[in-house]
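Two complexes are shown next, each including chain A; its partner changes from chain B in the first to chain C in the second.
== the complex of A and B ==
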């Protein structure tokens, strides 16, 4: 059996705001293996970003990890000191963000920002660090890296900024790269470039990637295993093929039918009724039950656990077998 | 079928000013000679990446921008001069109609053959010029420039828009009743408080929002509901054309499908015509009857939906399609990765604007600009090698 390099168990991160407790992450479990990509997918407010911020412990002061463990390299990241955490951040676990323009500091050149990261974590002087930075920029496909290294973030295009950020994240050869919606702000042709680059770098460095996105297409093409999140909870967790070929949670099933697709002819998109719930007023029982077409009385009273229904396929639903029936009916209709 | 909207050789340049005298130092060529028709009852999908000019077309069509040149014909009326100051409107009409007609008359020799050589709006205006105005420029101009207020109002009623961001496109200080009811009241489609309330309730229920909510403010609704209110606001004027500019881009997946389905249902019920502007080819494929693909201010390909998606011909369309991630891990497709970024529209590349990133480009592409030509019935492509 392969050993995971990161194990997240029953993670709960709450924000104590003036309006009440926001249970942003409320029960998430997954494992990350070396060289693999774990996808976290869900709609806005489902807690996918807060999950990644919790792993790096970069929550704002209102946010607290209240339960669960994040085991990395034998240490529980929720328990270690801030000082040890600082050594892991950026070195062993690096992160890239959705908006490179916001994530990069506008008053420093990209070279200065990459050199800072290298000097901080590795025992090299600035000249060597600068050489390393140029190599990194070349590696991520930035043309004329010797010139570009002295440019400010605003002088680069969106795609180039994202490349620069990847270069910075890779500067210390991290074991895990967390990519939070890395291509959402980019055009599709640029998105294709960046995803291709990340795949190629993953092979080269053998690092694991945690890919956070709302785009089912990006997940299908890039992830090895997938966590589907809804209202702070992991509702389904399995390998990517099983998830798309055989979704078992009503939410995943609905979501896959609600997206317009290039590869299938669709007469009508599936409607998941209602709205994404407000995190201050999550419904009782199963958080998805008010929008679920398979919901029964039990769903509004009791909260389902994330259980392994088939080998390696985890689902948080009392009535996942009903989705099976719906799938059979659908297959019948098609024939 | 008659076209509802005809866009002819539309050009929109934005000046870039610099220095203390704010001299114009360069032009952003946002839309550069674009022509297409929108037929009644259809949905035209306008797709392209950021900076391709798709939003500028929508804004210019609505006359939130004045076109630099070109003609915009809506329901057989040339609307290009509607919002120009009267001196400019006069010179536009003189140049585009009076002088043209006079020149044509000389060429053709007789009024009959001149009339036969024209169609649509040109023919109608020629009739006005030669018959109603008896060939007098002054009379023609005063005929064309009469009732401008009414014409403008009709134009504003016929064309409506749904914006991308449901948060910034609704005035936070106004109640839904005012947001949706303001239009019908201004255009005198309803009279008095009772009729306004009646109207707003009907339209809200059309878009799936309870009529009880008419006294609420925008912040009391979710993003999806706000976008429905945006649709209701457009719908309240019974427009001929609704321009949906990235109308579902800001919405979550599960909400997006609700709004797309709603817009499709409304189209059937109210016989609406849509110009659907989006960067998302999957959404465009689902909603459109006909698709126009743009790159850097130019149309590169346009075709009925099925033809375009079954047989994309322009290298850019193919690259764009291959770049869309498919939510099916069983499909491994060939991906065309384009080099570099979209060039700046200030100094677009010479010849074919796509040649700098194109995997098929040859010497000719940098020198000669390919024209949009019909390579298959109704399938237009601008490429030297198709």
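== the complex of A and C ==
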């Protein structure tokens, strides 16, 4: 069996704020294999971004990883020293951010910033680094890279900036690229271009991508396997085909229902009732039970575990079989 | 040269008060540099104004002493060499206190938490002591002399910078490019130096520039009170201290000893004005909101 390059086990990251403890990530498990794309999907505030910041250990001072392990290359990233962690950041695990508008430093040219990233982890002199930067910019599809390298972030368009960010992240050929909502701030055509570019670079470098998004469409087209998160917990974890064809958690089922369909006449779009709970006052038991149409008394009392219901398909729900019945009934209705 | 730099210089040249400020500053710099040529030193310490006469009453300007004589000393010599003293005090005190303020403020702002709490409370304590009073007490405690004045001015001069830079860093720290730099594996020290400071330093530079002028006034005030430079030292404040006894003029002739105040006073006013105009000009150039 293939060995995962990154294993996250029972990760819990809490923020100790003045108002109390915010359990931003409260039990997330997944594995990342070489060359694959793992999607992490969920509503805003469900802990997807905090998961990625925890992997790189760049949380702010209020955030702490309180439990769990992140195994990379045989080392537990939650336990190694800050110094060794810094050598992994950018070199082995790189990250690109949601807002290319603000993720580049406005006072340096993009060339200077890419050169910084190269010089940081590779023993090359400034001139070589500059040549490498030009090559990288060309590779990510920026026209006239020799000229663009001397331009400031504000002189580039959003798509160009995201390309520059990708060039920076790839400068050390990382094994894992974490992409935190890489296309959310871009318009649809640029989104498609950027995703295409990332796929192409992934093939070329053989790197794994952790794709964080709230967009089910982006997941369907790009991810190999998916973790669905709700209120800081992984609620469902399986490969992308199974997730879309055979969702087993009521939340996933609800999310997929909320996508408008072209093949069926719909008068009103389905939505999951209620709102995401306040992280300071999470409900007892299963965090999803107040919004769940299959909830029973047990759900408010006990917290379900993430269990493997079918081979490679993990669900955090006591009554996942009920979703099966609902699906069958719905399929019957449609016919 | 970068286009941005060219644009800045062009903007500066269009602003008459900026041109005046920079011209004054260049003028003072030249005076300070060629002081030994204008007034060749006559003793082993060039900063000591040579004694022209033992007569203590002020004497009006003559060809030999163009700015007159006070306390037996040539005012012209004192004003010329006093330019060097002014630069020395202004630059050393401002640079040192700004660096201290930057260090404390950036550490407090970037790391936050208990470190921020401790450093900011120390800053508060220093801020709660009246500036001039504290400077007087410390100078009196350390003993007289220009170096002691500078030490006390540095000791009580860094807080504004620390506060300013901390506030700016708190704002910039949340920017995504700082997180992005950390995600690339940049060390905390380099993140502060390369990513945070360049985005927060301009207000500090402007503030420091303006402070150089006002520091010269504070140092002069201490000299005027007799706490600064030793008697006979070429320092505008000391020259004014000599003039203190003759401020009222003679009976019926209020302006009899005008030269004792006007020459060192004018030098000081122009010096402060120069730095303030330069500070204003820098603010106009750096602040993108004021860009036309």
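Just so we're on the same page, the second predicted complex is superposed on the first by the 328 of 335 C-alpha atoms of A that agree within 3 Å, B and C clash if a C-alpha of one lies under 4 Å from a C-alpha of the other, contacts with A are read in each partner's own complex, and residues count from 1 in each chain.
To be clear about the criterion, a residue touches a chain if its C-beta (ideal position, glycine included) is under 8 Å from a C-beta of that chain, and two chains touch if they have at least 3 such contacts.
What you see is a predicted model, and the numbers here were worked out from it, not measured in a lab.
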Fit-or-clash call for chain B and chain C when the two complexes are aligned on chain A: fit
Touching partner for A:97 - first (chain B), second (chain C), both, neither: second
First, second, both or neither for A:303, with chain B first and chain C second: neither
Contacts of A:268 with chain B and chain C, given as first, second, both or neither: first
Which of chain B and chain C A:29 touches, first, second, both or neither: neither
Touched chain A residues, chain B compared with chain C: B
Vertex chain A angle, Cα centres of chain C and chain B, expressed to the nearest 10 degrees: 80
Partner chain(s) touched by A:86 [first = chain B, second = chain C, both, neither]: second
Chain B versus chain C - smallest C-alpha distance in the overlay, whole Å: 7
Chain A residues within the chain B interface of the complex: 43-44, 157-160, 187-193, 195-196, 214-222, 240-241, 244-245, 254-256, 258-263, 266, 268-273, 275-276, 291
Of all residues in chain B, those that touch chain A in their complex: 49-50, 222, 224-225, 252-258, 260-261, 279-283, 285-287, 309, 319-331, 335, 337-338, 341-342
Chain A to chain C touching residues, read off their complex: 53, 56, 58, 60-61, 86-91, 94-95, 97-99, 102-108, 116-117, 120-121, 165, 168-169
For the chain C and chain A complex, residues of the former touching the latter: 111-113, 175-177, 179-187, 194-195, 198-199
